[in-house]
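Across the two complexes that follow, chain A remains constant while its partner is chain B and subsequently chain C.
== the complex of A and B ==
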């Protein structure tokens, strides 16, 4: 019963929190660039406006894919809040990722096609790292179950500092921020227009936006596991991590996918190995 | 009752095969194949319901079955030798002679023929294998009936070669059933060789230059496996004094010298399962007609390889050999998934992904915990269903559009909506929860989490395979699409097999908790509590039913929304405002004011994952790992 309540809570709260974070993100980014920026509620106004627009599609599978993307993202957050299994949650999240790519590939627009291929490379880059992060959590706590992990007495950050940095790479990629924002270029007017999202418009773009909010909460929720022992710790960790993301986003130029794949895999694997060897030695 | 069922499972396909060969009328052949398939499949399910047993067939008209098998074995080896001379291939000659001479010496001077060895032993693993072989294999044979007719029409053959084709196809099922039911290791060896020979004949079926070349390669590689098997078998007999597989597996604590024969037997399994560096024969098998590829890749042949490694798992538990096997398997999983990314040939992608998944199964056998063995069995079952489906889909697509290249499948939904959707279903069942393949992968990754090297390779391999699957599913839909697509016509048997296989691939996942509690748990031991279709252990949870139900709801709801969007406006693709304004035309105004058609293709990332680039290194590392595995065993 408790699980179901937590899951429903997750489904309801996550998009609200995700939208607010997006709003704060825009505001802080603006300040970093000496602008004022939009009101914090602007992402909600944007999505509301999208839902008011005419429905326009070029391939009806787009509609299907955007809905499945949203539902899978919501389900993964629900499973995370319901304290099930880390890997399971991640695989459910992958359903969303796959359907977003399929939606992008379903129209023959070159921007959408290239964006979808790049999105796949992003998934290729972050997925092994996240699995390794989960495996390392398993090595420390002896379980993939979130309820068991929450019962662990120490913050994981103490034993897995480098794995947290590795997770940070995955977070940057998943949030589609520079230097890794090449599948949808989250600032408009760039080389591939809006990448995988180019052909989605109106309510369907709105759906994808909400799904993205869910994903933001999903990945921040996993970050929160690293300091689960105190609420202050969680907030401190998340605020500083997200702020670091913003700084990186604003100071880095976008790189190519070749660079990303080589760089993130090599650095990520090296750091994982170092951290895991510590664990074994200790 | 039991002897009758065994006769149907093992001998009926042989009789039917002979029938297919001599009764050269297509209607009779169709009838024979259909009837045999239905009987074998029904019997396999009945056997599954009955549970484990041991059985000795005794004698037939005064001759023991053991000596008949021995006789057949030598006959088969000499047939192979004949082909070695016919093909003028030195390797095959050497490998076949290296089997004949030791085997003859073994039979004549070493074996104590007075000792009675139960020939047949079946536990859940064997029975699951029989069910997989008989149900999926039969469906593939059904599919072959209309397929081969079209195939021969394409080739404009004067004299049909179908009798020979169906002879080996149907015989294969019987041989596989025999292989997984054998307890006498000599019987196991005999059936092992029969599958080698059948695959050789089937791969070379079209008899053109490339088919012969690839068939030859398949024969020498598998004959090498046969050599490893013979030496492993003799060595194991010397150590344990028994031909009884169960005795060999359970003959006390394994250490030192006993590991070497086990290592050799596993090596034989590796060649059969096409693990790197032996992958090339299975890739070459693509040249054969599609039903052959489907059969080899899903329910037979390669599954014989993983079966042997898995069967022997209790014998080498906790040894260095076991770790070596886990490393080899994990490496194959990663290497082949990576190479698959760079491929645009649909069948080749499937072939690499098969080898990759077999690597995962072998890795699970090597990890050798209750958890990982469960994972291996789950993977065997569900991989067979999904992979058979995907191969048959590629075969259908190839007959439909004349190509098996991914780039030609852009927008297949417009031309072959039915096949396209079924292909996408097949792809999703390989990739996403709550389907069985992913359930197996989940168990595999969780059980590998203590081993740093294995988990890293599994994590990378799992990510890489997502790329080629998702890409494939996506491009089948690529099209400007608003109106209803005209329905696609398929012959009854094609439609039936594809639909049934798709149904199995999807619906069987719903039964995975039941498969676990009824079949796997009694054999392997308890690892999971199952409540309301949720696998739970202190280390992890996987909610099959809840996710299945929610996702089914999600798909239905999304489809309703999609239907509702029918009156939405149609847009042209965005092309920086330079679209050619005609409706239904996908082009933009290019230089000199001329229309340029839009063309997009996949990223194959050849500079990272190219076949030419990786294969040499992959083979080198794999060879080193095998040396490590066997060396460590010695």
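== the complex of A and C ==
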């Protein structure tokens, strides 16, 4: 019963929180660029407007894929809030990521095709890292179940500091921030228009935006697991992590996918191994 | 209530798309100046998108000629309703100084319906922002 209430709470709260974070994100980014920036509620206006537009679709797959993407993202957040299994959560969110790529691939537009291929490479880059993070959490706490992880006495950050950095890479890629923003980006006037989102329009773009809010909360929720022992710790950790993301976003240029694959895999895997060896030796 | 929120949001988040039908670049630079920190149109929720499928307002600069008329028409048709069109600069309004040229059809309204005309050579960023805000009145008109 408690699980179901928590799940429903997750489904309802996550998009509101995610939208607010997106709004604060845009505002802080603007301040960093010495602009004034849009109102905090701007993402909600954007999505509401998108829902009020005409439905123009190239084919049925776009509708289907955007809905599956939303449902998978919402379900993964619900499972995370409901304190179920980390692996289950992981597989559900992977389904959403794949359906977004399929939606991009379903149209013949070259922008959408290139964007979808790049999105696929991004998925390929961060999924192994997330799995490694989950595996390392298992090694420390001896369980994939979130309620058992939450019962662990110490903050995970003490034993897995490098894994948190690895998770930070996944967060940067998931949030589509520089230097990893090549499948699509928030400012869609870069080299491939809007990448994988090029062919989505109107309400379906709005659905994808809401799913993106869920995903933000999903990754931040996993970050929160690293300091689950105190509420102040969680807030401190999340705020500083997100602020670091914004700084990185505003100071980095976008890179190529080859660079990303090489860099993230080599550094990410190296850090994971160092952390795991240290865990065993210590 | 939800419907009302959507209608209010329309005025608060006009995504613009900028199409240059062969202008002298004077007006284009002024359009881009609106996006700089000095004018910062993102304050009003205006985002410059590169994709007609996401855009609400089309800003057109420069003169229309038989070649780019097709492109302009195509871009206009790809924008989902409700949408607005703003013609910018003397060239966009009537052809401006290039009015008499053999290849110039005239203003943007020869090809697609225009909602707002922003005069000037080049048009001032203030005038362009004002034009976008005026175009929003069309969305307001869709209410009820």
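Here is the rule we use: the second predicted complex is superposed on the first by the 282 of 282 C-alpha atoms of A that agree within 3 Å, B and C clash if a C-alpha of one lies under 4 Å from a C-alpha of the other, contacts with A are read in each partner's own complex, and residues count from 1 in each chain.
What we mean here is this: a contact is a pair of C-beta atoms (placed from the backbone, for glycine too) under 8 Å apart; a residue touches a chain by one contact, two chains touch by 3 or more.
Note that the coordinates shown come from a computational prediction; the quantities given were computed from them, not determined experimentally.
Participant: Could you say whether A:127 touches chain B, chain C, both of them, or neither, answering first, second, both or neither?
Facilitator: So A:127 only meets chain B here.
Participant: Now for A:12: first (chain B), second (chain C), both, or neither, which partner does it touch?
Facilitator: Once the two structures are laid over each other on A, A:12 reaches no partner at all.
Participant: State whether A:113 touches chain B only (first), chain C only (second), both chains, or neither.
Facilitator: In the superposition, A:113 contacts chain B only.
Participant: Just checking: does A:37 make contact with chain B only, chain C only, both, or neither of them? Give me first, second, both or neither.
Facilitator: second
Participant: Does chain C touch more residues of chain A than chain B does, or is it the other way round?
Facilitator: If we count touched residues of chain A for both partners, the winner is B.
Participant: Classify the contacts of A:56 with the two partner chains as first (chain B alone), second (chain C alone), both, or neither.
Facilitator: It touches chain B and chain C both.
Participant: For A:247, using the defined touch cut-off, is the partner it touches chain B, chain C, both, or neither? Pick first, second, both or neither.
Facilitator: In the superposition, A:247 contacts neither chain B nor chain C.
Participant: Could you look at A:48 and tell me whether it touches chain B, chain C, both or neither (first, second, both, neither)?
Facilitator: Second partner only.
Participant: After lining up the shared chain so the two structures overlap, which partner does A:198 touch, if you call chain B first and chain C second: first, second, both or neither?
Facilitator: Touch partners of A:198: chain B and chain C.
Participant: Overlap the chain B and chain C contact sets on chain A and report the shared residues.
Facilitator: Correct list for chain A: 54-56, 193, 198-199, 201.
Participant: Note which residues of chain B are touching chain A in the complex, please.
Facilitator: Contacts found on chain B: 410-411, 413, 428, 431-433, 438, 442, 445-446, 449-450, 452, 455-456, 458-460, 462-464, 466-467, 469-471, 473-475, 477-482, 538-543, 547, 550-551, 554-555, 557-559, 561-562, 565-566, 568-576, 586, 598, 600, 602-603, 605, 607-608.
Participant: Sort out for me which residues of chain A touch chain B in the complex.
Facilitator: Those residues of chain A that touch chain B are 54-61, 63-64, 67-68, 71-72, 75, 79, 84-85, 87-88, 91-92, 94-95, 97-98, 101-102, 104-114, 116-118, 120-121, 123-125, 127-129, 131-132, 134-135, 138-139, 142-145, 148, 193, 198-199, 201, 258, 261, 265, 269, 272-273, 276-277, 280.
Participant: Show which residues of chain C lie in contact with chain A when the two form their complex.
Facilitator: 5-10, 12-13, 15, 37, 40, 42-45, 47-51, 53-54, 56, 78, 80-82
Participant: Hey, which residues of chain A end up touching chain C in the complex?
Facilitator: That would be residues 26, 30, 33-39, 42, 44-46, 48-49, 51-56, 187-190, 193-194, 197-202, 205 of chain A.
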